[in-house]
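What follows is one structure encoded as structure tokens, with my remarks underneath.
All chains are identified by letter, namely A, B and C, in their written order; residue positions are counted from 1 within each chain.
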Amino acid sequence: MAEITMPRLSDTMQEGTLARWLKKPGDEIKKGDVLAEIETDKATMDLEAYDEGTLQQILVQEGETVPIGQVVAMIGSGAAVQQPAPTPTPSPADASADGAGTARARAASPPQAEKSDASKSMVADESDTRQEVKASPLARRLADEHGIELGQLKGTGPGGRIVRDDIEDFLEQRGTPAAQPAQPQPTAAPQEAPTTTPQPVVAQASAPADAEAIPFSRVQSLIARRLAEAKQTIPHFYVSTEIDMTETLAMRQVFNASADEDGVKVTVNDLIVKACALALEKFPDFNSTFRDGQFYRHRHINVGFAVDVPSGLVVPVIRDTNIKGVRSIAREAKTLIEKARANRLASVDLEGGTFSVSNLGMMDVSEFIAVINPPQTAILAIASTRKQYVPVNDQPVIRDLMTVTLSADHRLLYGAAVARFLQEVKRLLQSPYSLLG
Amino acid sequence: MDDNSKQQTQARKGISTREQARAPIPQEEDRAALLNYYYQMVLVRRFEEKSGEMYNRARIGGYCHLNLGEEATVVGFSAGLAPDDYVYTNYREHGYALARGLPPGAVMAELFGKDTGSSRGRGGSMHLFDRERRFMGGYAIVGGQLPLATGAAFALAYRAAHEIVACQMGDGTTNTGAFHESLNLAKIYALPIVYFVVNNQYGMGLRVERGSAVSELYRKACAYDMQSWRVDGNDVLAVRDAVRKAAALAREKHEPSLIEAVSFRFRGHSVVDPDRYRNPQEVQEGRAHDPIEAFATRLADAGLLDEKERRKLDEKAEHEVDAAVKFAEDSPFPSVDEFMAGLEGYVYAPAETGEEGA
Amino acid sequence: MAEITYRQALHDALREELLRDEHVFLLGEEIGVFEGSYKITAGLLTEFGPRRVVDTPIVENGFVGMAVGAAMLGLRPIVEIMTINFIVLAMDQIVNQAAKIYAMFGGQCPVPLVIRTPGGGGQQLAATHSQNLEVWFAHVPGLKVVAPSTPADAKGLLRASVRDNNPVIFLENLALYNVKGEAPRDDYMVPIGKAQVTKEGADLTVISYSRMAAVALDVARRLEQENRLSVEVVDLRSLRPLDRETIVNSVRKTNRAIVFEEDWRSFGIGAEIAALLQEEAFDDLDAPIKRVASLEVPLPYSKPLELATLTGSKQLIEAINELAPRRRRRVNHGRNNHAPAQ
């Protein structure tokens, strides 16, 4: 038995319509006989027989359209076989594949949407910078390498674009000699500006005879630059206050005593972070950042806390600190500290902070001043808690006192506001049950 | 024009030379050669039928133009040349390639796009090529091959070589600029070339008279002061003799000439052409004057080919074609990875080919 | 070394190739008896005879195709097309045949062919005799396209083109023929596919080819002399294949680029260079890439109109001034002082 298939009759043909059968089952077929008329995309053509025999079965009826290669009839020796022609089915694979495909596509979209919403507020600032400031690709790269905030620069290129010239101006002014972009330099002529490689050394000078150069990692260089920038560009001023931590410490003990086997103990730092977060709800100006010459108040309160690690200093961030319970904060902080110490912090752990806390209380420090962490506008420095005598009802009583100092960006924050903010932090820590819930 | 004017008058309409075709075979003809002509014609016929079928089965893609009905022209053309002469053709070239000795398997594999094809699958139906057998292609642009063939003849003259170039083309080609430029150049440089026009009366659907100011195409050669003849394309011996004469002229005297072989296309222009523009009666008549049948009859009349012998030859040809299809089917496609890794080598010839030239 | 004209360099190279290799022959309109419409082939018919120096009738498609056919049989023809404006008549034989034969036939048949032709305008030859069409051929795989701007490069590149086993379009320029330059006397070759930094610089890169490369070099030297700017000049020398590495390295260094071309701006040679640079040197770009080209109109005949339409040193200087960085990086050899910011 031989199959007669829908032939390919033109280079663009994909399927053909069986217009008219010219033979019927039982007919004798010789090679070259025209069996049927086929309608193609271009013309009506003949279906020629390549085999001889008796037409056994017609499988495709007049008017039906089938793809090329599909069997339309059977030729064999012997009598005709009368059978109802099976209806051609479109290949099921395609239909379900489409269905599955669309379902998958639809399923994929909601999580994406969520993710973008969540990350919007957090990384919005980062992306906003890239879109709002016009800079040449080279200038962006140089800015990244030197840790320069593009927003600080005024562009002198076409359309106010920041170009290499502007970066070089800035670096010169800052005192850092311009680092050459790390590209192969095929020319023989040397650049007259002394070159510094972006890593690992911060400044290049020949070491004095009795000293050795301190090697800086890339991270350290970056931190160094940011700190220098912060001090140079932000007008810092400082306000201190003494907080009576006796109640907080007592509450903490109660809290941790009832801690179950999950073992997360709340630290003083956790409580201070919560207190700051609640205070920031009342004083939103302190929950701001400064970018491109503009201060922005943030809707989410993300408090970062400094962690001392071998590779330097990192400030992991706890998001939405104000709406998290102290235990959650404690848990998160513990995880972040572990990650920091293992050098496994992800960028998402470090991004989006709106306020920072720096705690040296575990060292014997009476007070200290912290450097604001740009682009933030304030940072709270926590010193050690010490037992001291204070008058209560004219009687000397021993209380645990802790000095805190707030460093603030004087462009946005003035003395009275800072004092009031500190009062609120003090109030919360001195009646610590307000921290719960 | 020349001493063949009687034949030309008779050959005015190809169909009317039936009498010519039935003329007895001259005594001096070599039997083996004649049987070989017959075999080659049948081989071309079977091969082309099979190509049509393979196209419909989507084994062959793109365009596919068949020599069905032109077998006498094809075989006569080849028979008139020496084996080391160079041949350039248009895109209706399968038969010419086979007659030149390209293995049917290599040709079918090329049509299938396989790596074992004569052009390694890179050319397809319209770009067959075999350096060794001096089959110089297979060209898809109408008239594209004419300047090339003329240039090949130029190289032969340059080298004072003994080979010649034969350039086959269709009737529509005689209207192109390339045709006129090439014939002119061949004449002014006295090149050893034979221009062979296959006039099957139609471009695609355009009848010769409607496209050509002069429809007796051989007459166009007079504009170049070139000798030319018209022959019955259905008579393999007549075609062969004309080509032999022209080849001798080219080889001995470096005189280019032109032959017009009037033939008939059994089917449409290509395998996808339903051929609705020809009068069905004309087509039927044409098919009835099958050059293979005519030659077989002549051979039988001369006692050179009996039924049994003929059947044997027919079967041999069919087997050869079936074997070619099997070879093509079993052959691999070119490796895509290898292709991608060797793009530079695909497009550009390397620095040292070490070849002096053919 | 000897100082020779571009024309002399071509003539000498043709003559030396004809002497060196029996397979080499020349063909084209009026190259024999008339000694070449631009006298490149003067004296060659007398020396080598009509077999090696072939005068053709006016049949570009015919004789270019003839050259391709001869190359298929192993000869090495050098075709002259009187000016690039006439090459359009031979498009089928160049693009459909010459460029494809090696690939189409599975690698059985190389086509060792050279087509020499001058492009460019400025002689008041009007619209159909003043064009720059090389980009069409630079687009086609299977062809090679070279464009020397100096006598030394013309000689070295013509040799390399004749010895290459592929079809090569050898672009000359009418206004370059009389230009003088130093050329070595020995049998040196300039490789196809290698650009050259003809002048080193630090402030920006001008990328060019053919006559415009010579103009660019002249402008760059003047600016350097006047102590105004340090411009690096890259002479492409080859359009296909393009020396991507040299182009990219230069712009990585200077961060700013101008393509200076006589052809039309839209879809011209500069379009490819600009795309290439933004692909491979994106983070090194300090400014968008400029293209300085001729006005996109059929070239008018009248002299003042022609001058205004064709691009030249004036337009290049304008573009350089617009693109130059504010802080100039002077290339000082050994000194350590900062360049004064301007």
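By our rule, a contact is a pair of C-beta atoms (placed from the backbone, for glycine too) under 8 Å apart; a residue touches a chain by one contact, two chains touch by 3 or more.
Predicted, not measured: the structure shown is a model, and the values here were computed from it.
K.L.:
Which chain wins if you rank chains by how close their C-alpha centre is to the centre of all protein C-alpha atoms?
P.N.:
Closest to the centre of all protein C-alpha atoms: chain C.
K.L.:
Between A-C and B-C, which chain pair is linked by more C-beta pairs in contact?
P.N.:
Comparing A-C with B-C, the pair joined by more C-beta contacts is B-C.
K.L.:
On a CA-centroid basis, which chain has its centre farthest from chain C's?
P.N.:
Result for the farthest chain: A.
K.L.:
Could you tell me the distance, in whole angstrom, between the mean C-alpha positions of chain A and chain B?
P.N.:
69
K.L.:
So, what's the distance in Å between the C-alpha centres of chain C and chain A?
P.N.:
The separation of the two C-alpha centroids amounts to 50 Å.
K.L.:
Just the number, please: Cα centre separation of chain B and chain C in whole Å.
P.N.:
Each chain reduced to its C-alpha mean, chain B and chain C end up 43 Å apart.
K.L.:
Quick check: what residues of chain A touch more than one other chain, meaning two or more?
P.N.:
Answer for chain A, listing residues that touch two or more other chains: there are none.
K.L.:
Among the residues of chain B, which are close enough to touch at least two other chains?
P.N.:
none
K.L.:
Do you know which chain C residues sit against two or more other chains?
P.N.:
Counting only residues that touch two or more other chains, chain C contributes none.
K.L.:
List the residues on chain A that touch chain C in their complex, please.
P.N.:
It comes out as residues 136-141, 156-158, 163-165, 168-169, 181, 183-194.
K.L.:
Sort out for me which residues of chain B touch chain C in the complex.
P.N.:
Residue positions touching the partner: 86, 88, 117-123, 127, 129-131, 136-141, 144, 146-156, 158, 177-178, 181-182, 184-185, 188-189, 345-351, 353, 355-358.
K.L.:
Inside the complex, what are the residues of chain C that reach chain B?
P.N.:
Touch residues, chain C against chain B: 23, 25, 51, 54, 56-57, 59, 61-75, 92-93, 96-97, 101-112, 141-142, 144, 164-166.
K.L.:
Where on chain A is chain B touching in the complex?
P.N.:
Against chain B, chain A makes touches at 5, 7-11, 42-46, 48, 50, 68-69.
K.L.:
Name, in rising order, each residue of chain B that touches chain A in their complex.
P.N.:
Touch list, chain B to chain A: 53, 55-58, 61-63, 271-272, 274, 276.
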